[in-house]
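Dropping the structures in below, format is structure tokens.
In the two complexes that follow, subunit A is the common piece, with subunit B as its partner first and subunit C second.
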Partner chain A sequence: MSIAITTQIICFTVLSLVILIGALGVVLLQSIVYSAFLLGGVFMSVAGLYLLLNASFVAAAQVLVYVGAVNVLIIFAIMLVNKKEDLKPINDIKSRRIISTSICLTLLSLLIRVDLTNIWSLSSPQNSIGEESTIRIGEHLFSDYLLPFEVASVLLLMAMIGAIVLARRDVMNKDISTGLPVDQELIEKSSEPLLTNKN
Partner chain B sequence: MEYGLDLEYSFNEFLKGFGLSSEIAHIIWLPLPMLLVLLAAVVGVLVTVWLERKISAAAQQRIGPEYAGALGVLQPIADGLKLLVKEDIIPAKADGILFTAGPILVLVPVILSWLIVPFGQNLLISNVGIGIFLWIALSSIQPIGLLMSGYASNNKYSLLGGLRAAAQSISYEIPLALSVLAIVLMTNSLSTIDIVNQQSGAGILSWNIWRQPVGFIVFWICALAECERLPFDLPEAEEELVAGYQTEYAGMKFALFYLGSYINLILSALLVSILYLGGWGFPIPVELIAKFLNLPINSPFIQVFTASIGIVMTVLKAYLLVFIAILLRWTTPRVRIDQLLDLGWKFLLPISLANLLITAGLKLAFPQFFGG
Partner chain C sequence: MMSLESIPIQAFLIVSSALFCIGIWGLLNSRNAVRVLMSIELMLNAVNINLMAFSSYVDNNLIQGQVFTIFVITVAAAEAAVGLAILLSLYRNRVTVDMESFNLLKW
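Let's turn to the complex of A and B:
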């Protein structure tokens, strides 16, 4: 076995372990802040897996979008909004856990089935494009995937307009269902920082 | 354009001469450029710290460091040693793990980005295909480290500083990426080597600063904002937030933040010189000098001359920009948070978008000047 292949196997093992343990931590940890930071670690390791597959552009995009934007915004939201308070105990927690576990297991079995039935090996090693992948992705986005690409941008625009409408209080100063003016103090309260109670 | 010294090839051939296999030679080669670049980054920080102290002293009509070595050149080393032997304090109610991980997460992406900084045709760690995009992606990790240390300090000033840093970093990343995109559009490549080679046609006249003046200014403002240098140093505004996310840090952990911010400043200056000021290119093309001296372009003398002038030019351009950054820091007042966000979202973002559009139009109209 050559040194290159050994390095690849070591990297793959470490990355997979980090992804598995990190993802379990995201779900099982009690502290929401730890979960959010671990989620960032999982995203980074997924980018590492893309790098191992020679997809450097996808890896960098993964870091930029998921770690740099999505995860930062999640942490940002947690720190701006969440206050240190005990969550109310839920009555039927056991049955809920059973239902969610069964749904997850069903999804897992579906994924395992896909994994087993799909033919993964490439027809020839020359088909891997490596460094050229950036150009290929660009060509595909502007030819056969043009419509999904444009629809995705419309979706993002809609989300942006929605966020602006929500943030502008002069537009959203009435409750939609009752027609009563919105309690502005509620919005002010939610923006209190996380640690004020502790100090 | 395949000329220039290839140290890796010669080194590997040299080791093979001792009967080593090419794999072993490659493994022995790998850490060398990394260590060299790390060393260059740290020495660069020491020089920048000294410059900052001296220039700030001059701006305030003081003398500045004087007793440690000639003109105080050893002062940054004394600073570093002091930080090294200081007690490592973790506040009692802080979150130990996140408190330690924060500074590391701030420093590591900055150092990783040096991967793509070229000092010559073959003088860089790795000519990865995604080049400049790697830097944009890596620099987006930094705010997580800042938020982490701000939260873990368990101090309201730290938390505010961390949140400000993340907000600032997110807002200025977009115009930064858009102005890089305009350059990439002209080069047809993301690789930093190709970006510099595309500017090397006619010496100083073919530098991107003439074709992208708006992009150059937008990029420089955004780079300063990403480095949290003074017109934009809200995350650590001393008068308002003590020292922002750094408030609770001491000793080596504080030194990591300090190192990170200066390495980031030098990196930004290097990238401005690569993207807009012709990278390692001499103002007069080396081919012309070789023709003048009646030497073939492949002669060993011209090769070594090109390589050394490349390194000197890159460092010189970068330090000129560092000098401007230091002058700006000691002569301009800080912007307010609303001014900062207004500048980013209402001014730089539309301008960089328009710049991208105009660049695309000019590229279609004049392909010989704006890259075909």
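Let's turn to the complex of A and C:
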């Protein structure tokens, strides 16, 4: 990479801060809409980190797939299920918070210890192919990773069909179990929940 | 000050570890099902940063880590689509997105 090391360090620091603060905002903010937009910012910053690592193709794929598809899908889901509701209080929420936070901090300290103490066998930077990585990814995808590539296409087809089957409304006019006409409107109406406890 | 010729790989690994732990915390503590899906996406991104860092520092000639990242992005897109479809279907049946009310499999 031809950027000076000082510039790289500045870019890395800014991107890391945006990633970590944005991720904390995603899990901690009250409003789910703010979380979704912060998630888009986190995805963009991760793409910036990929650019720092000489991987322009993966950075472009990250922006296209995560910011362009996944984040938009999440925002659509929020729009469809956005209902103000009062959550039922849980009686042991405090102990649950304490236990989960301690588990996460323990895991974090363990991972950071491994990151810092292990001696990584780094390869020499002279071997780096740099900006030719797109060509190399294409060669991999059509030679030694051909089977995973084809399986991924089948997986995407299955996910597409599965999502349609799961999310669509009933195609029949009448409900089979109750005999009532099926609600075909786009907006959700309040209806009797099917799976609630009867007692 | 020590002069570096590139960013150390440990910096990338620490960022990815912290992002993964934030994702786990959000997964365990969210009441909203959409936020749980967002936490899973954060964890997948942490794994991707890890793969990309190793691909660039350890295996910078045959960049197999970048190919793995492409596959992880593919699977994450499929997972998000199916996860949100399941969420919509749950919302239609239960009229809530509260994770505490999804206890059908509890025995």
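Keep this in mind: the second predicted complex is superposed on the first by the 145 of 199 C-alpha atoms of A that agree within 3 Å, B and C clash if a C-alpha of one lies under 4 Å from a C-alpha of the other, contacts with A are read in each partner's own complex, and residues count from 1 in each chain.
FYI, a residue touches a chain if its C-beta (ideal position, glycine included) is under 8 Å from a C-beta of that chain, and two chains touch if they have at least 3 such contacts.
These numbers were taken from a predicted model, which means no experiment stands behind them.
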- Query: Just subunit B (first), just subunit C (second), both, or neither: which does A:104 touch?
  - Reply: second
*In the superposed arrangement, which partner chain does A:94 touch: subunit B (first), subunit C (second), both, or neither?*
neither
Between subunit B and subunit C, whom does A:116 touch in the aligned arrangement: first, second, both, or neither? second
Going by the contact rule set out at the top, does A:5 touch subunit B (first), subunit C (second), both, or neither? second
Item to complete: Please work out whether A:80 is in contact with subunit B alone, subunit C alone, both, or neither, and reply first, second, both or neither.
Response: both
Quick check for you: in the superposed arrangement, does A:56 touch first (subunit B), second (subunit C), both or neither? first
A:162 in the overlay: touching subunit B, subunit C, both, or neither? Say first, second, both or neither.
second
Discussion item. Quick check on the superposed pair: does A:148 touch subunit B, subunit C, both, or neither? Answer first, second, both or neither.
Written reply: second
In this superposition, the partner of subunit A with more touched residues, subunit B or subunit C, is C
Note: overlapping subunit A surface for subunit B and subunit C spans 57, 61, 69, 73, 76, 80, 193-196
Listed in rising order, subunit A residues that touch subunit B in their complex are 2-4, 33, 37, 40, 44, 56-57, 60-61, 63-64, 67-69, 71-73, 75-76, 79-80, 130-132, 134, 193-196, 198-199
Residue set of subunit C touching subunit A in the complex reads 4-7, 9-15, 17-26, 28-32, 34-35, 37-39, 41-42, 45, 48-49, 52-53, 55-64, 66-67, 69-71, 73-82, 84-89, 91-98, 100-101, 104
In their shared complex, subunit C is touched by residues of subunit A numbered 1, 5, 8-9, 12, 16, 19-20, 23-24, 26-27, 32, 35-36, 39, 42-43, 46, 49-50, 52-55, 57-58, 61-62, 65-66, 69-70, 73-74, 76-78, 80-81, 83, 85, 87-88, 90, 96-97, 100-101, 103-105, 107-108, 111-112, 115-116, 120-123, 125, 127-129, 133, 136-137, 140-141, 145, 148, 152, 155-156, 158-160, 162-164, 166-167, 188, 190-191, 193-196
The subunit B residues in contact with subunit A across the complex are 23, 27, 93, 98, 128-130, 133-134, 136-138, 140-141, 143-144, 147-148, 150-151, 154-156, 159-160, 162-163, 166-167, 170, 173, 190
